[in-house]
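Both complexes below contain chain A, partnered by chain B and then by chain C.
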Partner chain A sequence: MSINVIAVHKTYGTTLALSNVDLIVKPGEFITLLGPSGCGKTTLLRIIAGLERPDSGYIHLDGKDITHDKANQRPINTVFQSYALFPHLNIRDNIAFGLRSRRVPEAEIGPRVDQAVSLVRLDGMTDRRTHQLSGGQQQRVALARALINEPKVLLLDEPMSALDANLRVALQIELRALHRRLGGTFILVTHDQDEALTVSDRVIVMNKGRIIQQGTPSEVYQRPTSRFVASFLGHANFIDAKRGSSGMAETAYGPLRPQEPLSEENATLCIRPEEVLYPIPQTCTNRVSGTVREAIYRGDHQEIWLDPQGLRFTTSGCTPLKIGDHIEVGLPTDNLRVLYA
Partner chain B sequence: MRRLPLWVSFIGLFALALLYVPLIGVVIQSFNASRLGLDWKGFTLKWYEQLWANEVIHEAAWNTLVIATVSTVISTVLGTALALAFSRFPWKRRAMTTADNVLYLPVVTPEIVMAAALVVMFSLLRHVHAMFDFGLPAVIIGHVTFQISFVTLTVRSRLSGLPANLDEAACDLYSGGWNLFRRVTLPLIMPGITAGALLAFILSLDDFVITYFTAGPQLMTLPVYIYGSQRRGITPEIHALSTVMLLCTVVLVFVAMRFLQDRKGKAAS
Partner chain C sequence: MPEPTPTPLPASCPDTPLVWRGGLSTPRKLRRIGSLLGAPAFMWLGLFFILPGLLLLAIAFATRSPTGGIEWTFTLDNFRRLVGYGSFGWSPANGQIILRSVTIAAATTVICMILAYPLAFFIACRPASSRMLWLIVLTVPFWTNLIVRTYAWLIMLGPESPITRLAAMVGLAEPGAALYPSTTATMLGMITAFLPFMVMPIYSSVEKINWNLLEAAQDLYCSRWGTFRHAILPQTYSALFVGVILTFIPAMGTFLISDILGGARFMLIGNLIQTQFTFGSGNPPYAAALAFVLILLTLIIIALFSRLGGKREELV
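This part shows the complex of A and B:
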């Protein structure tokens, strides 16, 4: 189901949480609200859930204004960061909670709980108490407890943050498969860029209460429009540049030819470590030479910091470099983006 | 671990003895066949039999139980409501500290001051309604006044120990209002309510000062009876009565502690 966030504004005292945020979520889409802590992503999620009221602005669900509906009146369910499972109920009663609130007949609740339980693969654990489960299992219960209500929109508030790295990756893939199977609208909040790129159809990057950039994972990764997005998603080299003649940019590395000519006097050039070419092909015109300051072995590749400017790059394959080696690398024009913010 | 110096252990044992020797003495004397209790004349249960046959004690025990039960029910409901109100209101931190102090003040107020204050209050209110005449209802009201703080403090500690977001999760799952209270809040704070109620009950059972000031000439409770008999000279029967009351209190405290600790550990994990 589609969600339409229209000019939502929210302050806490004098702190700005959301500044006139507009966002359209298409039916069946899996989007991620990505940003550092305090960027307003959780506030936006809570406003969509109905747990928080915006100071101004509207939330529309399928074209219907739900801004003033309470959380318990919205066909939206949430998986909380801390899971918020009810400690006095067993797993079965936790999962059945929403159905019982809506007075679904007990005869119907039983089979639906069984279905939800097998969906998240917790069969045989329904009589346990919440504290008898591991973190990953608790997360599945929280997921089942939300999904059993067949919500039009499922909200996930950093659901993986309490889990260890391996489990997190497994659950991310599982979540993605679940979304494909069920086909609802999912909105996930995270500060983990890997998670955002892994699970979602579209990434909404937020900072300081605003949406900075949105697009598919490859769009925001490949074509960041600001220094913030480029540095928040993955690593990036930033090179201060001044406009030069005939499409060139003057930098500390000498003149370089970026993707496009600079339209302003000052700009920042941006290139990702894995886009730097070494060994350097003949055709590459943007050549930078330097001395290896640091070389870190990463198994399938090496990570290099180059003096004097500290350019960071990764070598593909195994061309071992040592500290002190004097080398030349290429900054391909196609990957040398121009940023103005 | 290093062993403590001998004199520290000695002082510790002495302090412990100060606490328990008088109580143990009463318990032993209640089984002593000697009426004056100056020497041990053998084990007997006859003081307990006399106690059982004493009509005055029957009445006093009945009054004590009625007062304790009624005042506990009232103070548990009011105290729980107060604790919930404190936890719900979006008050600033300083207001919360003030609220806490307001709760603690009755706990540390000298009971005799409270009792005197109640006497003044009831002397005025009795002109409004006969219910405020010295007697059973006045004693119950008096007990409620000090019980509320204990119930509220116990329930509040339970409430603050609950995992975050449970209210929001319930709300998100289409619950709300009374439904949410009955299905989530109440079961979760029940151990706190039970413990608070048990504490309130014990305090009422044991209370002498407020009861003595507000009971009037007719009403007799067990603590008042013990006080009165002390002026006539303490009999082994009183030892037996004291032992029974001590046993009741210990059992209730034990149960209350179980409710406070056991369940709390479960909910926290």
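This part shows the complex of A and C:
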């Protein structure tokens, strides 16, 4: 089902939470709202869920205005960050909760719970209490409790934030598989860029109550349009630049040829650590030399900081670099993006 | 025959060492320290609760002396009298008193619960600065003696008080007459006295409520009532249980409030015990039997209630 967020504005007292946000979510899409804490991503999710009222603007679900529908009237379910499982109910009753609220006949509830339970692989645990489960299991219960209602839109509010790193990755992959299997529209909120890139079809990067950039994971990672997006998704080197002659940019490293000529007097050049070339090929024209300030062993690669400008890059070259080594690296023109914001 | 292999020590084995506050200790040692630290309290309870309780039970089977004291002759007369058999045949008076005591105590508890529940939410939802003030307002009455507080009701319900005049105006009372002694006056006094005992535990549980559950309930199609029933109420069960115990037990035993506000004809089991324990005019062995029955009755009601709420109790 499609969700249309139209000019949604929300303030808490004097704090701006959302500033005229527009967003279209296509049916069956898995999108991620990504941003630092306080960027408004959770507020947007809660407004879609009906747990929060926007000051102005509209929410349309499949073209129908649901802005003033209460949470219990919307065919939308949420997996809460804290899971919010009912401690006085066992797993089975937690999962059946939504169906019971809607007075679905008990004869129908039984098989549907069983189905939801096996979907999240919790078979044999349905008689347990919530506190007898691990964090990962509780998360699955929360997922099953939402999915059993066959929501038109499933909202996930930082569902992995309480889990340890390994489990998180496993569940991200599982969540993606689940989305492929069930279809349906999923909206996930996270501040974890890895998670956003892993699970979603489309990433919506938010900051200070606005949508800064949206696109497929590779679009937002490869072609950030602002310094904020480039630094929030992965690591990036930023190089202050002035417009030079014949498409060149004047920088502290000397003249460099960026992806495109600078259209303004001042700009920032951006290149990701893994795009810096070392050893440097003969054809590379943007050559930078420096001394290794710091070299960190990362198992499958080495992470290097280069003096004097602190250029950061990774190398998987077979000869490990040592602090003090004097080297030359390449900044390929194709990867040297120009940012104005 | 091969010797049986020794089974490994279970974790709860008395001498399995375990780390305790940085020092190495064993469960046995811990138990010893525990009993040592608990000893004063146990001694206190033994000396001032269990011993007098047994004495009370013994007196209940003794005879009243002609001067109104205790004569150590074994008899079951006190219990016969208690269930209504007096020198003039059977009378329902005692049964009525006990029934009235239970009814009044239960009504007080229920009304306190109805009043306290929203009040606890009101206080818990105040900003931290004024919350303390509300709690102080709630406990201020305790700074005054119960007798003084109860006498204050006499003035409030007296013939000239605004409350009485208002009651007379709307036809609830005769003009010029006081509103006491009456059941209503007694209930007013009791509710006033016991309300804080109900509010306090509920307040402390409301303060800890997980509000996320309310949102989850709403997200899962609950109505307002359903949200209350499934997301709020279960989180306060244990507090309600504590509140009921703290209110019902003193309400069952009260005699002061009913004495002052209920008048001579309005007798609760507490009043009966008090009159009968008066040396000289009373009958202490009979009073002891009554007191024993009161304790037993309260225990039975609390046990029934906790069985009712017990299943829910463990969940919170």
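Assume the second predicted complex is superposed on the first by the 340 of 341 C-alpha atoms of A that agree within 3 Å, B and C clash if a C-alpha of one lies under 4 Å from a C-alpha of the other, contacts with A are read in each partner's own complex, and residues count from 1 in each chain.
In this text, contacts are C-beta pairs under 8 Å (C-beta built on N, C-alpha and C of every residue); 3 or more make two chains touch, one makes a residue touch a chain.
It should be emphasised that the depicted structure is a prediction, and the values quoted were computed from it without experimental measurement.
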Chain C versus chain B on the shared chain A, clash or fit after superposition: clash
Chain B versus chain C as contact partner of A:Leu256, first or second or both or neither: neither
Touching partner for A:Leu122 - first (chain B), second (chain C), both, neither: neither
Contacts on chain A seen with chain B and repeated with chain C across the two complexes: 49-51, 70-72, 76-78, 80, 82, 84-88, 97-98, 101-102, 129, 145-146, 149
Residues of chain B that touch chain A when the two form their complex: 163-166, 168-176, 179, 183-184, 187-188, 266-267, 269
In the complex with chain A, residue positions of chain C that touch it: 210, 212-213, 215-223, 226, 230-231, 234, 237, 312, 315-316
Chain A to chain B touching residues, read off their complex: 49-51, 70-73, 76-78, 80, 82, 84-88, 97-98, 100-102, 129, 131, 145-146, 149
Touching residues (chain side chain A, partner chain C) in the complex: 49-51, 70-72, 76-78, 80, 82, 84-88, 97-98, 101-102, 129, 145-146, 149
